[in-house]
Structure formats: structure tokens, C-alpha cells
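Should a chain be cited, it is by its letter among A, B, C, D, E and F, assigned in written order, with residues numbered from 1 in that chain.
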């Protein structure tokens, strides 16, 4: 993603401090779980990590940007409490006195406390979803589609939180105008890259009399770019569409008189 | 190819029923050999497979589209009958009483019958081309460039059929207007992707007085898009070219006065 | 690179004579070290190899083009003489009577002779940088960033030559007008590909009143392409930028009033 | 297995006719499905393939040896008819009029006929177990542990046949005394290798007074090898045990007075 | 190791509950860090994990056996406190008020407390050794040869503990005579495998008059097995040696008159 | 091979100076081509490389041992001069004035001089066998089975030399008694490993009356080890056989009355 934003990051296979072709930036590769802690402590000025780990570290940081793809299609990941399909446990209240394994220790403990439940919450070093029911009664684990939970014959009884990736900053760094501007510009570029992943560029030619119909078809976004061709009754139309819109509209545009439709990939889209 | 057509297909490593981000479509991954049978039986509404396997299954289906790349460069694959280089067999007639191995059992049998030849045609489970001459007298096998046949020291004595990939539909599905339109739209998108593989987009600026010469150079296709630049004597010219044309024309266009020529990749081209 | 220049090269995994979709070209894959020798002897009409190996082979060839990426960012590789960090050897003169291992035998010998130094220069078949100090006193080796030398605790005492990749031709072939033109056209395409690697295309819309500010921001290159949109007070602006420029300018352009900025990848740029 | 039997087979990566260091043997690598056909036709003198494929090819061959590991632990693979877990189909009779996919076409057809069932049995080119219930009503597939069937939510309703790997010979080849002896010797060696896979060699020293107890522990096989040590009251005992026996007996032997127990791997065991 | 001990463990690629061919055993694959916790809680009867993780989990378990290879050659791994080579920190006392990252949180905290040092000890999710000095002042990390520490330019200032792999049991399980015997037998087998890794079997023939010299050479272990050959003045001598002894003694034995010396691999050695 | 000889060599993935568990040895990994040069110059005391590279470097070294597997089965590799199958060149004399590519430059030049032929011999950096006929007229290349030459349609016209792997020593090192003994002992161990690769250990029990017949069958080697079993009319027989002998003799031994024949692998055999 940084590559496409214009930053060339050269990592040796084993280095956690890769070089980057911007003298104003220093980059550290680190596990997502640890980043918010080092940002909040001021060891790092800013980081990219999940909202879940910001909460787990109880990290007091500034959220600069939400790094999500298209809002329409991507669902955020969720941390859920799950039990064996055939377990007697039906609600959070049933976890009283039970054992729960999770990588998200603090958040899970707080959640259970806030529901008045006293349970033994244990840190899990991985493969959490296979521990039910042999080793623990329930787990708190992350899921996107639920397919891994289903494959392990687990049933969700509660959602603890939804989480997305956040560009976040240390509070002192954010008070420094130069760092703040640098982070805002970085945010523009990274979000431009994310937006481009779900968009395509499209161009077509059309006779002037078909223009109105074509503009009706193109979605209610900012006006497409229309330019009149030299010495002719034809216009060239350019637009940026969601990839799924493009899939649906191309046959319709063709029927409406558009010709020489081409679609091309985009690297960044800044609205 | 579906990815580039706008359909996001997410396959788990072992699933044959991948998810697709179009609620109107369900997808099954299947061996090419079996697809036409299931389409003709109505288990599937449509399939993508070779013409050879449509014939082998004796499948009564509707051909929706030929999925070939650029017509000028791609040669269709051929099923041929081949014998050892130093075999006495010279013509199809010489196969009388011989043993032939092939994966395309029914088509090969019919071909020999239509030539009045009685031979033992055996189903081959693979590695057909190494069976001559130790195990069989001849094979019926598919070839594109003939290089695998040559490497196995085989000589072609007849071509049974040429085959390309076909989008094909079940006859009843095709009679359903909604399914027919869905398939036609899918066909437009997939062929747009195929066409884009051999095309590039090209743009250049030129002084107005060079325009005529440049238009002479650009091939006899639909008119290129020409737009006059603001407050200048320059025009911008855009065109879509075959990749091999672009290779040849770029030096010529430069000589004719074009400047700032850029070439960019295309994802879909719908004429 | 040839692929992007429009030449489809199909190599079998073990073939050194790949097919190419241009009947006017024949291609041989060969070690860089040997290419200039075969070009100078006329076995090949032209080759792509490093300047270092042209010198090593003492090859009398025509340099057609320098195949470097963007001049601003890429540093040429260097052949250097290096010794152990803690060696007594400080200058080239200190190599008198010492043993030097290198893959670039002739060039290194000449360099030492020209400095009046008599040393034993031995051909190294590889892994040259680990031979100091156990096996030899110094090495002559190629380096780009110096990181491999540092990792082996070596210290550079002299630079023998800088080298870049060269498209070079046999002198007789260059005298043949048809071959010369073919090579010049090939050079245009390959350099167009190289240039495109550090460039991006950018488009944006802007109200006419913001145009002047935007043009001030865009770097002092050839004029960007500006076209007036139909029936509006808006213009569309297109430009080609260095990737690192794009990264820096996008936030500025947005502040200056540009909207719907999109960036897209380029395959070739011919100025 | 041939390697351990003393035959060095050198296969190039793509050759189906590997070299073997026994001038009396020629080897062809071939799909298991095709081997019995070529053996029965006399193209090959002998083959190693499954009993299932001998039946499927209706191949009239001589069974030379059953190539099974230890009888006690290995279960033969089974071809079973399976349906979706929640299917209405409970017995073979319920398959009347249904569609069944299988790679074992002829055997499956005969089985259904012998049960008086008329069903459509279709050849499957692979991935048979995922075809239920979307594409067919039932499958006939091979299974060892049943875990793949369970993972695909299938239920077994009948077992068609059990199958093991067979060394089998062409009838005419078997009538040739030289070939018969060669095959019998080969059979001794291959079965010696198979037997060795589940066996270990074991040695121990013991005082003479412990010998009787130790011999009681060693299983009722042929007498172990006992040799008296020179100038001492100790004996050395050697035996060959099943690997699982060894696991259980070593602690018991130690308790009974055995010392310096060593276990070592075996390459061949011929009783 | 279990394989060589006679237990066939069949793991599917993603299963943490592999099958084992001993109906008296159930096996769970789990991260070493978690095993002692589940053993001490009685979820598991016994486990194999490091002494470090037994301490970290404060697990009250029975140590059944130390799973070390040859005592003479293998050094136990150590957890050490390390700082940057050029750091001012020289002793544990200098860590007062500093930040320390480690995967072994509890043990490290206790160690510092016992030395009267108050420091911020943070849990590290991995790649601990690259965090000094950019992210923390010191680390507590595991090392065998120290080469990874050296490569990261770290200096050891203290050793917290030495650790080896332990077969350990739950206290209640150990009180169950059947389980205790099962674990003791398992311990015999596993240690037999470990011992065999550094041992070889050796056999030789020798004339009787050379026997005394040969016995002098063989190390002062239990008596080698000597058996008189039938009808000859020769004896056969068998012994089990350390692999490194064998390397040194074979030439000496040959000089002393031993002939036909063979060395063979061992699977288990129980003294 | 060193591993099996009792030396544990631990190489990091990129180190050319691996550690070895013998304080009297230091090991350098190096290309075979360079080893004899460094041995002859005294930089190394001894090396393992091919006889070809000893000649190519004109290295004056002591041959300590020939590192060949079983003499009966392994053929030494050969350096041959080869030309295109359909070339006019038939004999070495026909190479007059031609161009020859080879990695073995000096040896090839000397060979041609000794045959009175003047040819241009060029150093080849690899892939030598594909250079005929496009780039050179002939090559001098190494071959074992000739299959690579055949695949490149080359014809051998002369054999320059046969080559095997040699343990060789520097002359001064060999004059040092301690080094000489160390090398001789190393030679014993390495040759013991090589010999063991083609041998197997075999044991059997037999009734005394069958002993004579069995001894007749066992090859005319040193006497097999025969020991009388306690309290029985049976003997135990042990022998070491070539793997191919074992393959042939096992069925014969069984017919002669041998029972409980077991074969086991060997790590070293010192006659």
C-alpha cells in the first residue's frame, strides 16, 4: 500500500527497520499488537494498527484516519465470544465461573466485568479457536466471515467490538504542526490508494445525441468529464466508477450508444 | 479473468464452490471435461469449457461466445493423431487394427469410424504422449505448438478438430430472458477483458499541423479521440492500439511530431 | 522489460533460445559476462549487458543506449577494491605483492598496473566477498549500496569503475541501415519502459479560476494537457509526474482546488 | 520401496521410462488405473496396482502378491457409496433412478445391477466427493479413514469392495519359468521391505539367571537368537519385534534384568 | 521423536488433535508457553515443554524427565538480559527506571524484584532482539549460542535462568498408579530415543590375540559383547559408542587388528 | 557425508565458514574450481574437489584418497569434446581454426595443443552445452551419462579426461606428521562412509546342516561371522554384502534353509 502511495520501502528479508525513499520518514515493522503501546508512549510518532489493539493497550492516541476499503462492500472484523455448538452456554451470563481463552485479554476481561460476569480469562498464544471445548469453555476471537468459527464447530454468543485498521498518532506528535501536516498528507495518499482499489477509470466516445441518456446512467456522483471532439458530433466521456458499478453499467452504456468503452486501473483516487 | 471483469471470487484453497460478490451468480469449479455434461443436463445453467469437451460429451448446448484472445495472434489448439516418427503408419487408413490411446475417447472413435477405420481406441488417464510406441501404436492428443509432440519424437498424421474455449449455456436457461440477458452481459464483460489483453491505451500531444500525418499513421480503426488544448495550437490524441501495433508505431509517431507519448494498460475494451 | 515494450518472449524453462513475436528478432539468453564478447565477434548483432563486462572482454562495440531508470534516484553500481576492516592496507599502493580475488580479472589487473602496483590477481568463481582475509588480502567486487560489503566487515579503498547496463551493437551491424534503425526503435521502446517505471499519469478536474495556481504547482516540464469541459466552468488537467513528485504534489493540488484527482500507472513514456 | 529392495531407479523429472540397475528389468511409470489393462493385454509382463483397478479393467491377470504393510495395523481402503448426510437415501435400493458419480465406473455399475438398481452412473474426472448434493445424488469413492467423507458431510450407505495393492502378472508371462522365478524373487524382496516397515531389531545383554524371564516376555515367535558371551555369566539376546511390541516390551524387559537394550532399524525382514 | 519411540502420530495439516496408534494416549499439539498451565490446572495429565514456561506459568507440576540429548555436547538454552553493545547499562542495577521487553514477563519481573530493581517490563509479541535500543533499553530473551544476540549488536549483562525441555505431569495424575507407570514407560522410551541420537552401534571381527588390545581401546563403559566364532580363532566384538568416540576410535581399532568394522545407526538405547 | 563420518557441521544459510564439532578441524565451503588452487598455494591444508580442477589449476598437490562409491557400479565423469550432431567435424583434427567454449580452459587448450590443433578456446560461464552451433563450433564439457549432450543434439568426438573426486593435500601439510595422520584418519572415515553406501548388513538363522550350503552361496569375501546359538542345533550367520548381491542372494539363501533373514542399513564399513 505504501508502494502504491509513492513510498519505496526496501526491506531486507530480516530487517525490521526498512529503508524508505523519503528522508522525512523512519519506518519500523512491528506486530500490530505492540504498535499502539509504543505510539502512546511516544517511542513512535504514529502507527498503523487495529482499533482492537489500541483498546487492548489502553493507548491514549489520536485517530488520524480509518483505513478501510470501500465502505459499501467491506465489513469490519469483529471480536466475538464463541462456545461449542452443542454447549449449554447460551448467553454471556452463562459464562459465570467458566474459563475463556483469548489473545485480547484486557478488552475481554472488561467486557465480562461490564456484564457482571466473573470468569477466568486466560491469555492464548494462538490457535485459540481449537481450544473449545477440550481446554476451555469459551473463547474470545476475531472473525471476518465466521467461516473459521463454523469449521471448528463454534457458536457465537456475543460480539465484543468491531475493529478496523487505524492510522493513529501520539498526542504530542499531533501537536507539532509539521508532524501533523506530514501525517495528514500521508493519510490523503494512503486513503487515495485504498479508494483506488475499489474503483476503475472508464472512458467512452458517444454521439452528442446519446449524451443525455449516458449521463442519466452514470451514477449520481460528481460530474463526469466530458470533452467535445474536434470537428465532429462526438463527445468523449470519462468517469471513475466503483468496480462493481462498472460491471453492471458497461452493458447498459453500450446499449445507450456508447462506443469504444475502455476501462483502466487506477493507483490513487482523491475525491 | 473474472477478477478483471469485476467479479471478486474468493476461493478457499480446497473449496470448489467459491464465493462471488454478485448475488445473482453461483460458481462451481470443475474439470473442463465434465462441465458441458452438467450444462447439457441442466445441473448448471452455463459453463466455460473447450469445444472439444462439448463434442466429447455429445452435449446439446447453446454457444454464447468464443473466448479467444486476439484473433490475429492466437492459434486454436488442435487434437491430432500422432505416431512415432519412425513408424510405418502414414495415413489414417494405416491405423486399421491398431491401438490408439486418448483422453478424447468418443470424438476419436467417431473420427476413425467416419474414415472407415476399425481400431482399438483406449481411454488414457494422462501422459498420453509417452505411450507411443511402447504401449500403443498411435495417440490422439491435444497440441498447441507441437513442441511436446516433437520432444516425444511423434509425427502428426491427421488433425481431428480445432478447439477454443466456449461460454456455453443450457438450452432451457437460454430460453429464460433474465438468464439470457445475464449471460449476454457476462459475455460482454469477459470478451472486454480478453480484448484488453492484446490492447494498450496510448496518448500523445501534437501541434495541429502534425495532426494529419499522425492520423494517417494510426490504423484504420474507429476515429481516435482528438481534443483541442486550451489556449494553444496543440491537440491531444488518444487511441487504443494492438500491443504489437503500438510497438511498431511509437517510433513512427515520434518522427511525425508527436510528443509526450504515454502508453497505459487497459482492463477492458468494448468496441 | 521486453514484455512491457510489446515483445512477447516465450521461454521454456530450460531453453536459451526463446521465441519472440517479432519475426525480425532472434533472442539468445546468455550470461552478462559473455554477451559483449559475442557481440564484438559478430556472433550477435547486439546485446544488453553491463559496461563492466564490455571492458572486461575488451569488446569493441557501439553503445546504443544507457538502460538506466530515473537519473535522479538510481545510482550506478561500482566495482571497488575492498579489504578487511582491520587490515593494514589503506591505499591501492599497499596492495603491492598482495593477493586479490575478483570476477573482473582483466579490468582489475589493468587498474593495478595503471597505478604501478604488482599484485597477484586471481579469478574468483563466486562468493568473492567472504574470501577476505582468510584466503586473499583484498577483493575487487561489485556493490550497489555497500551493505553486503559491510555485512562481511570489508572496507573500500578504491573505486575501479562505475557501471550501468548498456544496449550495445556490433560495429558492422550498426553500419547496416536496417539493423541500425531496428536497434534505434528498440532503444526508444525500452527507454520508454524504463522511464515509465518512475512516472505516473495524473488527472484532475478544477474550476477555471484555480487553473493558474495549479499550473504553478505542476513542475516546470512540458505543458500539461488542459481541456475545457463541455458546458461548464471546469477544466480537466492531465500530466505525467515522477512518482515521488506525485506523492508530494497531490496534497498541494488538493489544497489549490483540484478535485477528483486520479493517478494511474503507465507502461511507456516517450518524451 | 524398490530402492530399499535393492533396485536403484533413476528417474529424470519427466521420464516415464526410468533406468534401473538390473539389466533383467524394464520399468514403466504409469497411472494405477491403466496398469492392469496393459498387463492383461500382454504389453507389460507384470504390474503393481490396486485390486480395484484390476476389477475395473476386467483384467484377467495372476495375483503374485498382496503388497500390504503389517496385517495387524493397516486397514485396506474401501470403495463406498456415499450420499449427503441429510439425504433421504438410506439404502442402495433408494438409488433407483438417481445419478451417481465415480471414477470406478464399471465396478460401480455392476454393483448396482447386482442389487437390481437402475441408476445413471457417470464418470467423474476427480474431486468426486464435492459433487454431492449439488451435481449428483450419490458418489462411489475410495476412502481409508472416512475423514474426507466426513469433512464433506457425506454418509456411507454401502461398501462396494475392499482393495489392496497387488503385484500381478500377465498369464503368459507367468507360464514362462524364467519370468515366474524373477517375479517370485521380486515378490520376496518387496514383501521383505514391507514387513521391515513395521519391525525393529532389538538386542540386549542379560545375566544367565534372567534369561528365562526374558524369554517369557518375548512374544511367541521363532526363537530369539541367544549367544553366550565369552568368559562371563552373561548372554546376548537378539530378536525382531513389531514396532508396537517393542514400545510395550522395552520397559518390561528392563524390569526383568535386561541391560544395554538397543533398537535399530531394519531394511528387509524375510521370515 | 515420538515416531522413533514407536508411536505413530498422524496429523492432518491443520489439526491440533492428532491421532496416535496407542488407545491409552490422547495428544494435543499446543504452544510450549501454554502447556504447563494446562498441565497444572489438570486439563492435561502431562506435557512436554521448557522449564522456562513452567516457571513463567508458576505451574505446580511434577518433573518426570529431562529431555536432553547427550549431556556432554548439548548446552541448555539460557534466558539473558541484554542491552545494546554501546549502552551505558553495565549491571542489573543499572536497569533501575528503564524499559525492558520480553516474552517471559513474570520470570523477568521476579528476577528484577529479587535484585531490588524497579523497571518497566513489557510483554513482547516477538522479534524482541531488534527492539534495542530504538524501542526499549534492554530485553530479556532466550539464546543458545549467542549468535543472534551478536548479530543484533547486543551485550549480555545477566543470565536469568537456564532451561531444558521437561516431561512434566499434573500432581493428581502422578498420584494415579496407572498414569504414573504409563508416564514412566513413556519416559524410558523417549530418553532411549534421545540417547540413541548421539550413539552408534559398532561391530568388528578380531583374532583372539588382538582382543585384549581392542578392549583397552574401547571406553570404560559396560563390557562390550564378545562372542567366539565357530571353528576359528576369531571373535566378534560389538559395542555402542558415542558418535564422536566412534570417529576417533575406528582408526585406532583398525591399527590394533580389528577387521570388517561396521557402524550402524540406532533407534533407541536403554542402558 | 561428513555428518555420517561423525562430524557435525553446522552451517548458517549464508556462511562459508561452518562450525564443526572437532576442534582440530576448520572448514571452508568453496567452489570446487577454486579449491585445488588454494590447497596448492598452502592457504588450505587439504581439500575435496575433482581431479579435473586439480589439473585445470595446475595444482601440485598430494592425492590422499579417491572418493568414489562402489567401483563396480559408478562410472567416473568425463570431459568430452562435442559438436552438433549434424556438424562436419568428425575428429579432433577437424577443430583446426574453430571456436570452442569450455569451463575447463587450460586443460582443453593443452589437449588441443598436444594434438597439434590450433583453435580458439573461450571461457564459458555456464550453459555451455547450448552454445553449439549458434555461438561456437564445439564445446568441451563434463558428462556422466551423456543424456544432457543427447538432449542438446550434440555428438562426442573425443574424451579429454576422466575425473573423480579426490581428497588432496598441500605438500607441506603432508610432510607434517600430525596433519598427515589426521588426514589419513579422515580418509578412513570418509571412505568407510562411501563404502557403506553400497553395502548392507545381513543376518540369518540356519540349522547347522544348512550351514555349508549357505556359506557356499555367500560371496568369496572375508569369512562371515558365525555363532552357535545356545542350547540348539542352530547357528546365527552375519555378513556384509553389496546391496545388489543382497538383492540376488536373499531368495537363494531362503531356498538353502536360511530363516529369519534380516537386512539393516550401515553407516560405515571399514574392511
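Basically, a contact is a pair of C-beta atoms (placed from the backbone, for glycine too) under 8 Å apart; a residue touches a chain by one contact, two chains touch by 3 or more.
Predicted model, so just to flag it, every value in this text is computed and none were measured.
Both subunit E and subunit F are touched by D.
Centre-to-centre spacing of subunit C and subunit D amounts to 59 Å, using the average Cα coordinate of each chain. Rounded to whole angstrom units, the spacing between the C-alpha centres of subunit B and subunit D is 44.
Once the centre of each chain is set as its mean CA position, subunit D and subunit F turn out to be 37 Å apart.
Touching of two or more other chains is recorded for residues 227-228, 264-265 of subunit F.
Chain contacts here follow an irregular pattern that is not a line, a ring, a star or a complete set. Chain pairs that touch one another: A-B, A-C, A-E, B-C, B-D, C-F, D-E, D-F, E-F. Across the interface of their complex, subunit C is touched by residues 5-7, 12, 21-22, 184-185, 188-189, 192, 196, 201, 222-223, 225-228, 235, 238, 240, 264-271 of subunit A. By the touch criterion stated above, subunit A contacts subunit E in their complex at residues 16-17, 28, 30-31, 33-34, 37-38, 43, 122, 124-127, 130, 134-135. Interface residues of subunit E facing subunit F in the complex, by the touch rule stated above, are 73, 147, 200, 203, 205, 227-232, 234, 236, 243-244, 246-247, 250-251, 254, 259-265.
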